[in-house]
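Look at the two complexes coming up: chain A is in both, with chain B in one and chain C in the other.
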Partner chain A sequence: MFRKIKKENIVKIVEKLMKDYDVVAPVRNEKRFVFEKIKNPEKIVLDYDSTILPPKKFLLPSPEIMIRFDNDKITIPENNKKTIFFGIHPCDMNAINLLDKVEYDEYKDDYYIKKRENSVFVCVDCTKANEYCFCESMGSDKPEGYDVLLTDIGDYYFVETGSRKGEELVENGFFENVDKNEKIERKKNCKRKMNIENFDKILKQKFDDKIWEQLGDKCLGCGSCSFVCPTCYCYSVKDIVDLSLKKGERRRVWDSCLLVDFAKVAGGHNFREKRSARVKQRMYHKELYFFEKYNYSACVGCGRCIRECPVGIDVTDVISKIRGD
Partner chain B sequence: MKPGVGIFGFTGCAGCQLEILNLEDILLDLPSVVDIINFRMAKSENLDGPLDISFVEGSIMKYQVGELKKIRKNSKILVAIGSCACYGGVQYLQNFIEKPWKIVYNDKKMKYASPDTKSLSSYVKVDYSLPGCPIDKEEFVDFLKSVLLGRKPKMKSYPICVECKLRENDCLLEKGTICLGPVTVAGCNSKCPNNNYACEGCRGPVEEANISSQAELMKEKGIDPVDLIRRFRMFTSGAKEFQEAKA
Partner chain C sequence: MENSYIPNSAVINEVRNLTYDTKLFKLQFKDKNIQKNFDYKPGQFVEIGVFGYGEAPISITSSPSTKDYFELCIKNMGNVTNKLHQMKKNDMVYVRGPYGNSFPFDEVKNKDILFVAGGIGLAPLRSLINEMLAHRNEFGKIQALYGARTPEDMIFTDELEEWSKRIKVLTTVDKGDFRWKGNVGVVGTLLTNIKAETENAVAFVCGPPIMIKFVIQDIVKLGFRDENIITTLERKMQCGIGKCGHCNIGGKYVCTDGPVFTYKQIKELPEALQ
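This part shows the complex of A and B:
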């Protein structure tokens, strides 16, 4: 049995879902798109290209309040609100699958896990590759791990479910049963490509390549590439107190390996003093170290880092130069 | 015992001191954690010291050096507040012009010598710098709390872009505007870009600011070489990075 939903019913279904869930979906922000907690479902735009920040802004928020303290009393903020991510693209869904690998690994991140398990993911297959994205090269155009998948088939979205949560979500009058599979397979539409064949081996040989110095000279060290990256998860922790100095909260905020003091330790030594070393670290972590540990590249080809880099550092170009293409 | 604090102003607009008074929500709580020993803008009875922390605003003209040195001598920690104190401010620009007073006064006889104005660190040891035009009042309070806790205050070493990106602002550079966010130290919560106004660099250069790459970027966006240097130098021309900047 298959299902579909009329496009005009999207607003109605979201209105219904908002009674039980926080609904997070893409909306327009000037000329770009952002994920936002929805107050007005009419604002949702499902045929968007990409958002400025990825869904991690809700799963790994910055700041995240880890504890609140009042003299000796410590409390951990409770948040049991269920969230539906409505309309996330396959690349971002695959990025969440990669984040899962890290956050559920040896050092379990309870803050992430709690949110993850209270979340439902309604993916929408992407119809608007922009000039920066290259998900097809990374294999992350194929949606995996979703609860519900919507595919644009004209006046309707074709509906598939990937979990029990998803099944429960589509069992209502807004979704029509259909007899045959009406899904239209997505055509490849990324203009940008990256050849990832053997790139773990190639990167290992290029550790001392002169390209890293060149990139270090160009990089502004602004960290934008990592903040907009759907799989960058590094953070730092700080305590915020009120004027009594006895009451406050511990927050974690996004950090970036591109920033000067990321690898600075007590006593002032910096393990990655040069900008070139920091640019290299990010690329190596994405494309090599993560691969060595989890057998996947940590890059899903969403293209956000390319778009956001003020000086045009482009991972696809860097990899192609390294390969000697 | 509460630490004794002094807040002083030299050559500048006094806007940074005013920012401290603008801390309306907590202003009346401040005297419960610190003793305000000297703050001429806010109170009439002021003592020279001793001071645990002094916050000094404004750039220094030659005749003010003695007064500054006295404050330094009376203070355990001296903090430069605002870009005038940290870098010499807008008025430092005259150091790049020959006979700057001629532009304003022509050949009229000058009653005063041209003000030779410099940053605090040109004359005394500065322990910490809180830049900005004006300072960010929240950053001032955070600094104060660190000192009260006996912690080493953590100075920001990342650029405005970090704060801007977290607010999901549409990047002004991507939109073709010339923005100094990538080379300017954070701490203002990207106030200007949040309001769709490009960063003018009033807080001065971030640690390891990549001036030459930023200059290339600005040239690509069509700025002429004279303007480029002017942009860099507007607020913090006394900063070494911008003195050395080339178009």
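This part shows the complex of A and C:
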């Protein structure tokens, strides 16, 4: 048995879901798109290209309050509100699958996991590759890990489910049962390509390559690429106190290995003083260390880093230079 | 599920000045059960924090045979450590851990042991030295070399004295003063004063990055094999549990895969010795 939903019913189903869930979905923001907690479902745009920030802004928010303290009393902020991510693309879903590997590793990140497990992911297959993205080259155009998957088939979205949570979500009148598989397989639509084959092995030989100096000269060390990256998870911790010095919060905020003091320790020694070392670290972490540990590249090809880099550093270009293509 | 970031409160039982900038804290978890079950191995560290100031990774310097308390030796280096230095007996701190891997212990039984420590690097080794001395007859010849910047910077001088009754202990300072009658020179120079069997022997090296780099080279020259040279790496840490990314080098997180590494492993790790 298969299901589909009429496009005009999307607003109605979201209205219904909003009774029990926070609904996060893409909406227009001037010329771009952003994920937002929806107040008015009419504003949802499902045929968007890419959002400025990835869904991590909800799953790993910055700042995130970890602990509240008041003299010797400590409390952990609780938020048990269920969230539906409505209309996230396969690249972003795959990025969440990668974040899972880190946050569910040996030690568990309770904050992430609570939110993740209170979430339902309704993916929408992407029809609007922009000039930056290259998910097909990374294999992350294939939707995986979703609860519900919507595929545009004209006046309808074809509906597939990937979990019990997903099954429960589509058991209502807005979703019509159909007998045959009406899914139209998406045509490859990325304009940008990148060859990632064996890149881990290539990188192993390139640690002392002159390209890192060249990139270091160009890079501003601003960290924008990390902040917009759907899989960059590094953070810093900061205690914030009120004037009594007794009451306050321990917070974490996004950090980036490109920022100058990321590896700087007390006393002033900086293990990655040079920008070239920091640019290199980001590449190696994504394409070698993460790969060695989890068997996946930590890049899903969403193209956000290319779009946001103020000096036009383009990861596909860098990788092809390193390969010598 | 337990939240890995929530520390347990611990009471400061005693604070002892070791030098002008380094203090020894004797701590005890407030909850007796937590204290009883606090099992750690030499080489492991904790995250010690004070709300309002933050947390810092600090090696446990007591040996696991002390059951009712644990000790941290802390040098005043910045925000958290400075706050800790102002705290007194009966004040409360917050501790999570133990974290990280540990020094090999059973694996090095019956071998000769060489310790080389520089500065605050003696703190993690002290845990191991005392543990080995508690099992003295299970190890071969034990020798300890310790170097500090000046005589005023030497930590655990009383214990160095005690140890020297049972094992060979040599100390040195980079720069002496009018009272200092001992060796002068970086700790590596002490290596020329000892006889070290290198075949069935293991060397433990702890100290600031630059000291580790040079001492390891000297020890390799003595004939120690790469896998028998054991050291700890220091990196910025914000979580201690493999999440914040700060301590990443090569495919490793120093906090969970380390801080203890063999020289053999380190040679494979880019950026390790900097």
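To be clear about the criterion, the second predicted complex is superposed on the first by the 325 of 325 C-alpha atoms of A that agree within 3 Å, B and C clash if a C-alpha of one lies under 4 Å from a C-alpha of the other, contacts with A are read in each partner's own complex, and residues count from 1 in each chain.
Simple rule for what comes next: contacts are C-beta pairs under 8 Å (C-beta built on N, C-alpha and C of every residue); 3 or more make two chains touch, one makes a residue touch a chain.
Everything quoted here is computed from the prediction, not taken from an experiment.
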Put the two structures on top of each other at chain A: do chain B and chain C fit, or clash? fit
From chain A, separation angle of chain B and chain C (C-alpha centres, steps of 10 degrees): 70
Let me test your reading of the model: by the given contact rule, A:Glu308 touches which partner, first (chain B), second (chain C), both or neither? first
Applying the document's definition of touch, where does A:Lys142 land relative to chain B and chain C: first, second, both, or neither? neither
Looking at the overlay, does A:Lys201 come into contact with chain B only (first), chain C only (second), both, or neither? neither
Applying the touch criterion given at the start, work out whether A:Lys128 contacts chain B, chain C, both or neither, answering first, second, both or neither. neither
Please tell me which partner, chain B or chain C, touches more residues of chain A. C
Scan A:Leu245 for contacts with chain B and chain C and give back first, second, both or neither. both
Using the touch definition from the top, say if A:Lys37 reaches chain B (first), chain C (second), both or neither. neither
Just checking: does A:Asp217 make contact with chain B only, chain C only, both, or neither of them? Give me first, second, both or neither. first
Tell me the contact category for A:Ile67 with respect to chain B and chain C: first, second, both or neither. second
Quick one: smallest Cα-Cα gap between chain B and chain C in the superposed arrangement, Å? 5
Of all the chain A residues, which ones make contact with chain B and with chain C? 241, 245
Chain A partner contacts - residues on chain C that touch it in the complex: 1-6, 9, 51-55, 77-78, 81, 92, 94, 209, 234-236, 238-239, 241-246, 248-251, 256, 270-271, 274
Please give the residue numbers of chain A that touch chain B in the complex, ascending. 29-32, 34, 52-53, 57, 62, 217-224, 227-228, 241, 243, 245, 254, 256, 259-261, 275, 307-308, 310-311
Provide the residue numbers of chain B that touch chain A in the complex, in ascending order. 26, 29-30, 32-33, 141, 145, 148-149, 157-159, 161-162, 165-166, 168, 170-171, 173-174, 181-183, 206-208, 210, 212-214, 216-217
Residues of chain A touching chain C in their complex? 66-67, 69, 72, 74, 76, 102-103, 105-111, 113, 207, 233-239, 241, 245-246, 248, 250, 252, 255, 257, 262-267, 269, 271-272, 277, 281, 284-285, 288-289, 292-293
